[in-house]
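Below you'll find the structures, each written out as structure tokens.
Each of the two complexes below includes chain A, the first together with chain B, the second together with chain C.
Coming up: the complex of A and B.
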């Protein structure tokens, strides 16, 4: 009975709020602890992410030139200049075109390969690794290999075309072919990554759904794909699409190594314009404005993903 | 509707033999339960009948046709899965409509775009709508047709799964533990619903469960499976009253049958237990030691001094409609359970000496390896030695 009485006494103390200052102090301690634990992450984020983005935003309103001792605020002048600049619009169109080629192709290829690998029974690990190699390779080094393969005279691709009686192409110097060629390399680099994500998605589809589909009369693999696989892969597909789009917006390495934006601006893309404005012409303010435009696109994609699509693919 | 004939069905995964030669005939319109503990191969057998799994040996006939190698979709069977396996992205309406769309519409007519341009799509969809609505009315799903499975309770999902199975007219229904994800109360309720559905449809039902109560309450016949074999098949009464194997006796019935060690067959082929003798003729060599099985409801109270079974009351369970006494008998592994109707055995309290007796015909005698030893009951009274 003694401990019951003791418990009652403690309860009573708590109930009447015997020492409110103790509780207040405890709460303050709690929030202090939280702040201390959060601090490293917050500092790093401010230093490495938010700070630079704000700096770029600020810089886009100045006439700062790389290495110049002074700078002054010019308001929206950089954006106005971009608006009137034909090269900027070419660069933006090229980037969007590049994204429009690379994203659907790398998704279709990644999904197709994932389905093939998953339906086969042998050499799965082998195929997985082989198709994943381009993702792991350094793109800038791979771009140099591609340069040799695409060489108009002695490149492997043209030699093969000649062998089967097709005309050789000037892959990187023909203004019509240059951007699709760069996009093809982009697809080659990206689809392995998408494939791995799709493989993970396919594995997580409950097998009883396929069994139910079969019992329901879905005879062909085609109808099972549309009844089960595709809808169940919805969340993965959205994620893959957004990641692929963001990565495609970032196309730079291949352009820098292979074409330098040429021929006649046919492969000029956003990040390459930013690079040349900022580090070749030293117009950092203008480069910053391009960077802001680029960030807006990435932000837009993220918002679309979070707000619109995610709700439609999670079936709850 | 169809009858099923399974002959010599075996299934092995690598070196594990899951099914060891199943012969089974299922009559048209019958409700048969495959019941057994987990791992006995009952689900595998159902999946072989469905065509989701191929048997290693043996053959399956449905309605006279050998279906070995025939794809599940072409066997025209419907299945209800334990997890319901509803399509999470489709509404209840569309879930139930899937089997009809798959069978009545061509691939082009199912395609999302342009499907309405193909002649006949609208008419077929109208017929599908009326069929789905009929089923929804039958199962009480009318107000839920536009919901997604995630917005339904377990019982509602189960109903949708049943709806998807009955919306077309399959040759038989295969049910794989359809009630095991429901809570106890709902399970009892759905038992009745499924039995009524069977009577209404008159179709063949093959029902897999590990719950003997489900098997007992719904089935025309029960096939008890253990370790990849059907060890007994018969009506619920047969299996309960006349178990051919100790494992069947122990599996069927709740509370479990009481098993007492230490019985011996004497020279006159009677059964001796302790100082008591049951005058019956058992078809077994004299001197064989046997295990005695007796159902909780077959035991009666008797004078503790000279009753064949005597011990002390260890525990009393009052379940309202019935009372279960747990009587500890010396040298026995488990307490003997005695069942009384409401109000029975009020005068006995824990610790009291209890004597128990039963009629010789209520004894089920099993040999050392669990096989049933048959009896020719001679006298109905118990002789005391």
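Coming up: the complex of A and C.
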């Protein structure tokens, strides 16, 4: 190893001693190589990511419509229209409500199940895999299965309720129940992902902390949880919360297949509004304004997450 | 061992976990059971956990006859495989340059990559749609694939991984006269297989399941990906013929589920590792 370091130093000295224009040429070569290696990525990033982000910002200030012969700058008109639009506010509050239901529930379920799995030594991989299946199964196909299970007359859920003497519900067509039902499917799909993150967090807690807690008199599993596990999982929990919030903000598939935003806008969510304005009515300018609102929320959450990662790296 | 399994706590633990597992699996179980039932047993006002009359052949034949499921699955494979191959082809050289070469503007490029990670695909769907409309490539395979060929997250992930590869390895390769491009594929790629596999699992699962973009990008049935295909089938059958519909849904999710059951650990690691972006 020392030899290698020595050889490098000699190399470096030789390079230093080399005539300046040779060094310059070598550096230029490296820049050329880098440019060639980076070119495809840079072109595609500019064309498919950065360009479109700028375009979506610009478009939100125009009355662009697909197929219309002309378009013009309209300033803040799209945003003013959104501000005065009841459906947009419904859409925004529904999205926030969806996030507010799905995030805490999927965290609580994920954490609870992770703790329960780790508290024993048998069948851990088995349970982990089972709970992970909804995360990766095609949500559209599963939404269709859920729709049949939630069928008011012949659905499994209502038939089960009937067995235990409870009244049947019109899960997806009742304006009060529709959003919570869509959220329940969201929780079902997401909690396994959170569980895996918590499992990793639990495994990384050093066991000497538990031994110390026992010596300090924390005899029950309950007190050990509050003394060691929960504080140690604090950063993981915040992290999981932000990721779950970003994912929940993007709710679209279940709404598009099951409710189309109805009944009477009860499940209208941001991405669904953007989709119908942009791709059903082709009012691109307005759709762009909704996309900007959506982007602001997601960026805000991502910045929070980035801050958290920085902190974590800093502490370790 | 036996004493541990039989302790009251372990019994309670398994009781709770098995109950939750049953609830979680219910939509899958019910979907498969329904795909085996004749129409008369589907519209029943009582729970029937197993059909009295099996209609497997009828339902699955109908599903394959009424919807080009094979075509959908094939499209799913073509699209996901090409997306991942192009992502790797474009991201690996870029990641190598960012990790191992010194050049003017490197920090600026890396900052650009970090910014691109933040952009959710749905937020830029409108301008990308218009771009493709004007380029005349809507309703083609290209429309399904091109938007995802650039993965800023893939570049970031691979760059982080390449930083851990010792410089000596790269220097030795240069001494042997391997070109920079050759170094990417013959020296760096072999060391990056685990990270690339994790990213590949994530990429393939995400794009197999994606619904938002294919819904916008294509109109022709012969280009439908599995999710769009099954959703269209459902719209045509809405509330009338659940047997074939559930059969179609089962066929659509089967490839990923089978792959998952064969390589559970890889899937879980790949998806959570990359899904944290």
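By our rule, the second predicted complex is superposed on the first by the 254 of 316 C-alpha atoms of A that agree within 3 Å, B and C clash if a C-alpha of one lies under 4 Å from a C-alpha of the other, contacts with A are read in each partner's own complex, and residues count from 1 in each chain.
To be clear about the criterion, contacts are C-beta pairs under 8 Å (C-beta built on N, C-alpha and C of every residue); 3 or more make two chains touch, one makes a residue touch a chain.
This is a predicted model, so every value here is computed, not measured.
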{"item": "First, second, both or neither for A:223, with chain B first and chain C second", "value": "first"}
{"item": "Which of chain B and chain C A:234 touches, first, second, both or neither", "value": "first"}
{"item": "Between chain B and chain C, more extensive residue contact with chain A", "value": "C"}
{"item": "Touched partner set for A:211, first chain B, second chain C, both or neither", "value": "first"}
{"item": "On chain A, positions contacted by chain B and by chain C", "value": "none"}
{"item": "Residues of chain B defined as touching chain A within the complex", "value": "50-52, 71-74, 77-79, 81, 83, 85-90, 98-99, 102-103, 107, 110, 148-151, 164"}
{"item": "Chain B-facing residues of chain A, complex", "value": "206, 208-209, 211-220, 222-223, 226-228, 231-232, 234, 315-316"}
{"item": "Chain A residues touching chain C - in the complex, by the definition given at the top", "value": "4, 27, 30-31, 33-38, 40-42, 44-45, 47-53, 55-56, 59, 66, 113, 116-117, 119-123, 125, 127-142, 144-149, 151, 153-154, 156, 159-160, 163, 188, 192-193, 196-197, 200, 239, 243, 250, 252-253, 256-257, 271, 274-275, 278-279, 284, 287-288, 291-292, 294-295, 298-299, 302"}
{"item": "Interface residues, chain C side, partner chain A - complex", "value": "4-5, 9-10, 13-14, 16-17, 20-21, 24-28, 30-31, 34, 42-47, 89-91, 93-94, 96-98, 101-104, 106, 109, 112-113, 115-116, 118-120, 122-131, 133, 146-147, 149-150, 152, 155, 168, 180-181, 184, 205, 208-209, 211-212, 215-216, 226-228, 230-231, 234, 239, 242, 245-246, 249-250, 252-253, 256-257, 260-261, 264-265, 267-268, 271-272, 275-276"}
